[in-house]
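Shared between the two complexes below is subunit A, which has subunit B as its partner in the first and subunit C in the second.
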Partner chain A sequence: MKKKIIASILIIIFLTGGLWFLQRLLMPKYQGKIVEGAMIEEYYKETEGHDVLFIGDCEVYENFSTMTLWEEYGITSYIRGSSQQLIWQSYYLLEETLKYEKPKVVVFNVLSLKYNKPQKEAYNRMTLDGMKWSMSKVNDIKASMTEEEDFIDYVFPILRYHSRWQELTSDDFKFLFEKEPVTVNGYYLRTDIMPQGEFPDPMPLDDYSFGENAMMYLDKMTALCKDEGIELILIKAPIEYPYWYPEWDEQVSSYAEENGLTYINMIPLSEEIGLDMSHDTYDAGLHLNVYGAEKLASYFGQYIVDNYGLEDHRNDPKYTKIYEEKIKLYNKMIEEMNNITEEE
Partner chain B sequence: MIFTSAGFIAAVIIPAVLYYLLPKKAQWPLLLIASIGFYFAADKRYLIFIFVTFLAAYICTILMGRIDLKTKAYIDSNKDKITKEQKKEVKGRAKTRKRIFLIIGLIIALGILCVTKYTNFVIDNINLLLKDGSKIREMNIIVPAAISYYTFQTCSYVIDVYRGKTTPQKNPFKLMLFVSFFPLLVQGPICRYDDLAPTLFGEHKLLEKNISTGLTRIIWGYFKKVVVANRIAPAVIALTGDTDTYKGTFVFVAMLFYAFDLYCDFTGGIDITIGISKVLGVDVKENFNLPYFSKNIKEYWNRWHISMGTWFTDYIFYPVSVCTPMLKLSKWSREHLGQKIGKRVTVYLASLLVWFTTGLWHGPAWNFIVWGLMNYVVIMASQELEPLYAKFHGKFKVKDKPLYGIFEIVRTILLMSMIRMFDCYRNVPLTFKMIGTMFTKVNLKIFSDGSLLGIGLTAADYIVLAVSFVIILTVSIIKNKRGHVISDNAFTLRYSLLALLLMGVIVFGAYGTGYDMTQFIYNQF
Partner chain C sequence: MKPLKIAAVLISFIMVMGFAGCNGEETASGEESKAADATEAVASDNSGAAESKAQESSSSLKFVAKGKEIAIDMDTSSFISDLGDPVSYFEAESCAFQGLDKVYTYSDFVIRTYPDGDRDLVSSVELKSDLVNTAEGAYIGMTEDDIRGLYSSYNIDGDGNSSMTIVDGGTKLSFIFKDGTVESITYTAAE
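Now for the complex of A and B:
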């Protein structure tokens, strides 16, 4: 009997250990060309809190250089961004982040208000897989799942990714237990240049009103920030495409006014920011490259320093060493990215 | 609900855990609740059909039981007063009265089956005879899940009660559980009341042996179903779906693939059913006995879908063979056609009915009927050829040679697989045509020119299938020789292999949607 008990324990360890290992092996590592799926989990490596927290889609994680905010203003900031981050995902990410720290300012990019219901599993995965387990993650999954998805696949991702055994590469083994950083404080930088081209004309919509579900999460976000004593700033990044309709802009303006929030539509401020879209974008105007992101961070940093009285931490010993390392990483990434660009 | 759905797995795990936590008296009621819940989850509209079938069976068998009791009481109390002939007469009258309830019970159960499953088939066939303007419109009828299985199971119970073989179950809830026991509601098998009842309604302790055997069967079943059947099924669909491209040797490949697919799907499903039942302490009879080791078709049908084969034998073949009109026909044939032909007439007719209904039971389509009739033709032909075989074996002493045994096995597999192509193409003339191309358009290049990589299977898939084939064959050979694969005493080995197999199923199983990172279009977020 004793032997059987010992054997049972060992077999259970073998089974669970084996499945855990296989799950790690089979989950996408996002260390190659597509890196967006690795962003969310990078946050948990942070050792200190931040003054400013950005939440939203690529219009935040590709457009604001967190290191410029540090270098020019001594602002500590983090972008909890992910591809096509839907507003409920932003809300639950904010809720989760507040368990770890309490930023003074939260910046939310409003483009995702246009989505009222779950969109694509692939994007859900890139946001949700990296989150640590908490009620925020559970609720986030429930809010995000498309009809084809199952909750159980999020609990045991091996059930979703098992078929990747056919596509395993050396990266899957190399990054099995430790991944390389793909962002610096959530900012994903690119150094290549592709001037902005012509965008297609905006398609007229049947209804310009934001959906009830999306607005409900904006309400929740506003309430959460108010409850926590955090300033919520709504922004629309200075990107012209996907098209930001004036009707949408009006709705966000009215909402901000009604709720005492700041809303900045940066599209008309492009010149004031100093953006040169023949140089400051890497994909013909859809996202900024590092040159543009630094200009935008410089502009926005000044705005929040002026209006929210953020402390300059550049001489704070708590941060100096940490940010020294981060700046090194930032410069290394720029160098590496330049090398890649040159090779291409 | 399918075996591989998360819903099915949850619907099994939750009752299985509760089963051993609750007092033993609550075990079978829990199974009844789980079964009703299972059926309700599949589609709540189904419940009414299964309930009517159950209710008719319950009332009819209770009334038959009462007739039996009354008859017995009458005979017992008048033991000394009545003669043997009078006793026989009383029994005969009772049987006639019982027969009314038998017929009512069967008409209701089979009526529901026929109306739901076969109405549109009948309409379609009538329409073939009608002109365009006068065609009858097809009806929108739902076909309750597992109706063929539970109807046949219920009918066998009603007939067994009529025959006095089974005592009627007085507790309606217990009978409802027999009719609706959820592991059987996916792929059968068709269980007999007397086989199932003792363990179904019994009280069960949590026994390591039951859990061990049950888990082994469940995981082995999932391996066959998820790793093999689910992987190969799309290739079969591709090969049989495009008949212009995939003819000749492709048909041969499709035939072998479908043989492997069907075997793994069906035996895998039954393994899961038997395994789940075993975990609950319920013994479900085996439905397969290594059918691909059969040396002839008759043997094959004794080893494949055993519960269906024995059902048709017990409830159609035998009663039809000995019914009064058939006995009269037999007598007439012997007198007018001679002993040799005469004695065959009833067997031929009863077998024809069996195979016609077997085909129809599989589905309301001519391809299934023709499939059944093809089996009939082959079985009858091989029966007729038996003297010839005997002569051959008398002359050439090859019967006991291992190679000849393998030849017989391969011959049976190929023959059965070929007949099964009616199931694949679902069109009788097309099936004959495609089988014909197998012989007229031989093209062995398809094995080397990459054509077989264009049917939904990658090179890696072929490796998984080949390894799985070797595993299944090895296990089957060991089972055939020793009767079991791993000894019950080899605790550590059994569970270690099970753990490995489970990991294999999870990783190599073909389930869920393939994760494709290429679907991320960078500029759309």
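Now for the complex of A and C:
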């Protein structure tokens, strides 16, 4: 009887272990051309908290150099960003992050207010797969799923990715248990340059109101920050495309005023920030490259130091060693990216 | 033995679900499209195997240009070359290399597309001058009454003070007014 039980346990361990291994193997590693799916889980490697937390889409994770904030102001910051991060995803990521730390300032980029319902599974996956399991993740999945998606596929990703067995590469084995960092404190840098061109005229809309669902999550975000005593800053990154309608801008301005929040639309501040969009963008104006992201961080860092009295941690032994390593990584990434750009 | 049974059921369930997914790939079902689309979209370096899950809008609301019907979610390859060269063309890489969003600007209308696997599907059509009209005959410069007359068989929301919208199938047709007349007409996906 005892032998039977032991054998059964061993079989279960072997089978579940095998399935777990297969699942890890088959899940995308996001270490090649598409790195955005690796960003969310990188956060869990952080060992110390941050004074500033950015949440949002590519308009935060590609546009603010977290290392410039450190080098110039001693600000510790992290960007919990992901591709096409929808506002409910930002909310649940914030909720989850607050279980690990309590930043003084939360910065949310408002572009995602234009989406009122789930959009695309590929982007959902890039945000949700990397989250650790918690009620925040459960609720995030529920809020994010498109009609074609099933909750069970998030619980057991192998159900979703099983067909990748035909496409496995050496990277799937190389990064099976440990991945290379793709960001520095959530900032994804690029060093290539492609000057901004002309954007098409915006399409007129029959209704410029943000959707109820999107606004509900902005309310939740505002309430959460207030409950936790955190300053919430709403920003619109200085990117002109996709178009940010004046009607949207007015709505966010009114909302910020009604709720005692700061809202900064950085599009008209481009010159003041010092951006030169013939040089400071890598994809014709959709995102900033590292030169632009450093300028923007320099500008914004000064603003939050002036207005939120953040502490300069540059001489704080708790952080110096950690950020020394981060700066090394940042410089290494710049160098590697430069090499790739030159090769191209 | 209870934990053993639970574990056995769990493992069986995972395996059954896995097989169900695999079987789906051998059919032309929606499951195939769904799996292939997600795999292609989220996996780092694969390509080519994806089948589209997007279905062309079943709406009767369509724009006609140069004799070609253009509908929301329609694959542009079926008509784009027939429209001739656009006055301007713009493309923007979606985040995380999910394809290109494209904007074809012609003299009287604009077509915007979104990527779906290897295809470009219509996300919106915008009529910009009175030299083109909807399939039902509406054009820029018409009044609210004109629109109501042309679309009397449809449910119309709104009025001529700001905008009127008609939803049919997966398509929303919007008439945006200024000073009592239609200033622009757009076809977009209905929410």
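The working rule: the second predicted complex is superposed on the first by the 344 of 344 C-alpha atoms of A that agree within 3 Å, B and C clash if a C-alpha of one lies under 4 Å from a C-alpha of the other, contacts with A are read in each partner's own complex, and residues count from 1 in each chain.
The definition used in the following text is that contacts are C-beta pairs under 8 Å (C-beta built on N, C-alpha and C of every residue); 3 or more make two chains touch, one makes a residue touch a chain.
In this text, all values refer to a predicted model and were calculated from it rather than measured experimentally.
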Contacts of A:Phe108 with subunit B and subunit C, given as first, second, both or neither: neither
Partner contacting more residues of subunit A (subunit B vs subunit C): C
Touching partner for A:Thr169 - first (subunit B), second (subunit C), both, neither: second
Subunit B versus subunit C as contact partner of A:Trp244, first or second or both or neither: neither
First (subunit B), second (subunit C), both or neither touched by A:Tyr291: neither
Which superposed partner A:Phe14 touches (first subunit B, second subunit C, both, neither): first
First (subunit B), second (subunit C), both or neither touched by A:Tyr78: neither
Partner chain(s) touched by A:Lys120 [first = subunit B, second = subunit C, both, neither]: both
Subunit B and subunit C footprints on subunit A, overlapping residues: 8, 15, 19, 28, 34, 36, 57-58, 83-84, 120, 122-123, 126, 148, 152, 158-164, 283, 286
Touching residues (chain side subunit A, partner subunit B) in the complex: 4, 7-8, 11, 14-15, 18-19, 22, 26, 28, 34, 36, 57-58, 83-84, 120, 122-123, 126, 148, 150, 152-153, 158-166, 283, 286
Residues on subunit C engaged by subunit A in the complex (per definition of touch): 1, 4, 7-8, 11, 14, 17-18, 21-22, 25, 30, 34-39, 41-46, 49, 53, 88, 90, 92-93, 95-98, 103, 105, 110, 112, 124, 126, 158, 162-163, 165, 172, 174-176, 183-184, 186, 191
Residue ranges of subunit A touching subunit C (in the complex, touch as defined): 5, 8-9, 12, 15-16, 19, 28-34, 36-37, 57-58, 83-84, 116-117, 120-123, 125-126, 129, 148, 152, 156, 158-164, 167, 169, 171, 197-201, 203-207, 241, 283-284, 286
Of subunit B, residues touching subunit A in the complex: 6, 458, 460, 491-492, 495-496, 499, 502-503, 506-517, 519-520, 522-525
